[in-house]
Amino acid sequence: MTRPKVLLAPHMRSMVEIFADQDIERLQSFAEVLWAKDEPLPDTELNSLIGDTWAYVAGHPAASAELLAKAPKLKAIIEVAGSFPSTIDYRACFDNRVRVLSCAPAFGEQVAEMALAMMLAGGRGLVAEHEAFRASAEEWQHDRPDFDFSLYDQEIGFIGAGSIARALLPLLRPFRCRVRAYDPWLPESALRQMGCEPASLDEVLRASRAIVVLAVPTRENEGLLGANQFASMQTGSLLVLISRSHLVDFDAMTEAVKSGQIQAAIDVFPEEPYDPAGPIRQAPNTILSAHRAASIRKNRQAIGKMVVDDLEMMARGIPPNRLLSAQPELIPLYAST
Amino acid sequence: MTRPKVLLAPHMRSMVEIFADQDIERLQSFAEVLWAKDEPLPDTELNSLIGDTWAYVAGHPAASAELLAKAPKLKAIIEVAGSFPSTIDYRACFDNRVRVLSCAPAFGEQVAEMALAMMLAGGRGLVAEHEAFRASAEEWQHDRPDFDFSLYDQEIGFIGAGSIARALLPLLRPFRCRVRAYDPWLPESALRQMGCEPASLDEVLRASRAIVVLAVPTRENEGLLGANQFASMQTGSLLVLISRSHLVDFDAMTEAVKSGQIQAAIDVFPEEPYDPAGPIRQAPNTILSAHRAASIRKNRQAIGKMVVDDLEMMARGIPPNRLLSAQPELIPLYAST
Amino acid sequence: MTRPKVLLAPHMRSMVEIFADQDIERLQSFAEVLWAKDEPLPDTELNSLIGDTWAYVAGHPAASAELLAKAPKLKAIIEVAGSFPSTIDYRACFDNRVRVLSCAPAFGEQVAEMALAMMLAGGRGLVAEHEAFRASAEEWQHDRPDFDFSLYDQEIGFIGAGSIARALLPLLRPFRCRVRAYDPWLPESALRQMGCEPASLDEVLRASRAIVVLAVPTRENEGLLGANQFASMQTGSLLVLISRSHLVDFDAMTEAVKSGQIQAAIDVFPEEPYDPAGPIRQAPNTILSAHRAASIRKNRQAIGKMVVDDLEMMARGIPPNRLLSAQPELIPLYAST
Amino acid sequence: MTRPKVLLAPHMRSMVEIFADQDIERLQSFAEVLWAKDEPLPDTELNSLIGDTWAYVAGHPAASAELLAKAPKLKAIIEVAGSFPSTIDYRACFDNRVRVLSCAPAFGEQVAEMALAMMLAGGRGLVAEHEAFRASAEEWQHDRPDFDFSLYDQEIGFIGAGSIARALLPLLRPFRCRVRAYDPWLPESALRQMGCEPASLDEVLRASRAIVVLAVPTRENEGLLGANQFASMQTGSLLVLISRSHLVDFDAMTEAVKSGQIQAAIDVFPEEPYDPAGPIRQAPNTILSAHRAASIRKNRQAIGKMVVDDLEMMARGIPPNRLLSAQPELIPLYAST
């Protein structure tokens, strides 16, 4: 019996970045590996290999209806960058029973950790008071009266309650927080079962001492948080912007921070790299981070492990279990960023 | 029946800082309150009031054998600063069956929170990369290869496993850390029951990616961590100094940080305020904090609550339960700082 | 805009059994409800209503390709008995993009609770010693030397690690158990992430003090546990049979119990009702239960809640989230019991 | 330097029952062991050995003021049966700075496990329905409408919130119970910190579906639960009697069970062994257990481990940490049972 062929084209990532040796060996034990180079896969090569390919794993998989028509053996397209790309014809995939899978779940814990780091650093003034210390202007045994807070028994708000929220909730549990979550894609009971309290966006904004933006960008949530929303937040409360800047009016947020209305910890920016003279750079009461929520290199091999885990199951006729399957209903709702 | 008299002299703290209104009311429901002013209690006043006093609550209670001899009704001395002061004649208290109680447990959660904030901020490069961002020198989607790490599945070391460790362990649990703890005052099985692995100091130093100094200062642990100890730590590992600087050779630590051998998050200093030109101020890979681990003002009313809780029990003939009772064996072992 | 039509035919269950008033009201706020009676839905009625039906909810939904051909608006078939019935043409459903959903997740917690109850009752001799007490033959402060054990720090085995296992694991966590799990449908890393240790069937049998049978019946696991398997279990260890008797050779199990090789807690039987003279009825060291793992009537309204939750999402164009979606790969693997 | 002498007289327990080999070896590494036989220690022997003894460990230590006067080196009396005996002159011990320690904490987990086993078995009808099954009178897929309940999201009551409650609470946490606790020896905030809700006895009785009696017997709680109290409980609710029968009017409880007002799981009896014709023996809806909450033999070596742990600390001048220290305030409050 011939082994299924797996086409590996991880560019912009590299092979060693995402695959540990043992995972590549495991993959080779049940599949034949094609390409497997760090360079971009040329179109001609893709067109010639796809006919035999059972699973196509890529940094940015290109999959038009035309290409799919040439791929009778194809059962799975797996992206290893972190989100469903617009270069795939999803309808054609669903029609051809090709599963489209995303490695996004490999980042949940790491991103949740960064969100907690930012919540704690913001609430306890770690960055602001370090800057004061560097400037020999620190005050001893002092708290920032408007900005400091403890997470214990605190009111927390989530905007979005998907896989990052699922990873963040266990980290917050020992602090006995009350977490209100706004997520129009989840029934109230699902939020309750996760341990959140379902809430409207307005309630989340008004009631929370710290608000974490965790939602994926959709056609409906662009600029969800603007001047009015920041004005409705509690004075001195903390905004943690961790999923995408798509959800905020960045200028309005910058204003809200500079005026002292809120503090902010920001990992994502409207353009990256961000303008070296951009106005948030010197704003007080900010924590600035250059898209580093998923930056721990060592943990990126979790991607390869999940890819091989799911291919191993699929080779045995069992559905994938670790990666995120594209859902026909949701694909049209995602923002094409 | 007359109500017992409770002498409140919170200086250097203030009445409203530590007592919520409802706790003072609760206290007054079963006891008569004396002094209860923010100013220092003059010695003459103390000498005249102590004869009737059942419980003496103070920022820095002075209690010589002489004073105790004048206090036939005294059953409890309670300090509200955070550690057992050397101004008490403990032997005389034990002989007279006067309980000496410390409010230290009121700080456990807050200090544990700061320790976790520092562990996460250190491991995820939050402060260093913020400084780079301020200087428009940030690198995008980047990790600091030698210094960054995730707490998930990480090797952690504790030096000291008392009440702060007890509050910190539940915060670390969702990260699935392996925690090695060195604490000569606890049996191995007590450490295991807490969820730590008992270890020698040397093992803790060699095996851990992050080490948290949590021990109270004793006659035996002064300068426990010196040049040799820092050299035995893993390159790039993180030292979190949270309990007292008494445990480290501060100059050697500064050297170890400046050389790039370790990174450090430091909340306590050999002298406070720290020298405005002190050498750690501009060291790379540091997080500097001006003794702020217990600085959340709002949470300081936990002290008053615990004081009234225990007095309420004692008034009914039940032992105190919330504050820390001085133990005859340990008092002589504490460093007199 | 017309509201989607939902056909409710819960027989053999009843309307009030599965739907709380507030859930029916919630359903009616966005959908038009058809039938909604406790009696069986006659075929003619089904055939006449299905043409307008958007979602078909039934105790035992019948859905041939022929019926589906008459149902152009149908988007979901939801069963409310607890498992995917063989009366549905799944292939036709997948081809027509009709989601098939099962209410099985509504039972996870209740069944997990029963499994824990049986593990504890078995390990602590609750039933055996109660029987002795009834017979005035009890021994005081005594343990059953071969059969009694504590769950604390115990070696536990799972056969199957699906949704019941997922609900059972948090109940076992405070006991610090080491749980080995055998599940050929899950990658090792998925088991590890759940908190189990992946193991072969043989390892599970040999290493465990208590083994819980949690797997759904498949074409491959019929009679998985026979005489040889029971012989390889530790003497006096406990078998908890909770999912389906399909997985065991019931006669061999009865022998193993009667010989004293193992003890057993049994909730499912090869035929139900079980033979009034069946040999397991008087066997020692057994706990016998008449298929009661999901018997708590009050909790059955969780089914209706999940049904309405998912219909509410689907009406808004969001995928279902609470019920179990039939997977094309798995349907052919289930045993047709 | 001479090693301290430890007198081991475990009768009615035996040496091997409570001491694992490695713990005895550990003890011998820092102390000289005296007696160490299973037989009762004769008084003459005790009188002759006590003069040199540093720690006296016994099943039922006898320690009159007279004996203490002959024991200038004595620093600790440790009982290994499970409660503070009335054969010790506690006042003399406190005056002579002799610590009196109880091994009760060694039983917390085991007893909590039995309490949970009984709560689950009661709520899920495990014993009653097993009895029906034995009699071929079982009903299939049936619940006992008045008596069955799930622990999930349930209202639970504790009478007493000491060390057993502390071990039981983590076992209940995954069930999301609301636990009301009545304990006059603890401040409300201590109960809240444990995760209970402070309540009056009356509230506990009225609001709970299952009530667990966990309190130690005191001079004040004899017969705390009588006919009026059982009448105020919810119909069909469950009483778990696990600490001591001292707290209940046993005849009234028997009546309440026989009338169908409550169900009961009973591990402790007014006299043990209990009358072979006693009226509770054939009562319906009972779970009867012959004082077996701490009966797991294997776990009894936890006693010896705790004894050696604490002696090891004390030999190094550190206070004991694992065993329970007698508190001057509480000793006079315990019932002399």
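Order of writing sets the labels: A, B, C and D. Residues in every chain begin at 1.
Keep in mind that, in the parts below, a contact is a pair of C-beta atoms (placed from the backbone, for glycine too) under 8 Å apart; a residue touches a chain by one contact, two chains touch by 3 or more.
Remember, it's a predicted structure, so these values are computed and weren't measured experimentally.
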{"item": "Pair sharing more residue contacts (C-beta pairs) when A-C is set against C-D", "value": "C-D"}
{"item": "Furthest chain, CA centroid comparison against subunit D", "value": "A"}
{"item": "Centroid distance [mean C-alpha coordinates] between subunit C and subunit B, Å", "value": "50"}
{"item": "Distance from the mean Cα position of subunit C to that of subunit A, given in whole angstrom", "value": "34"}
{"item": "Subunit C-subunit D separation of Cα centroids, rounded to whole Å", "value": "37"}
{"item": "Contacts with two or more other chains, residues of subunit D listed in rising order", "value": "none"}
{"item": "Arrangement of touching chains [line / ring / star / complete / other]", "value": "ring"}
{"item": "Set of all touching chain pairs, with the criterion as stated earlier", "value": "A-B, A-C, B-D, C-D"}
{"item": "List of subunit C residues in touch with subunit A within their complex", "value": "97, 184-190, 305-306, 309-310, 312-314, 316-319, 321-322, 327-330, 333"}
{"item": "List of subunit A residues in touch with subunit B within their complex", "value": "109-110, 113-114, 116-118, 120-121, 123-127, 129-130, 132-134, 136, 138-143, 145, 148-152, 170-171, 173-175, 272-273, 276-277, 281-282, 287-292, 294-299"}
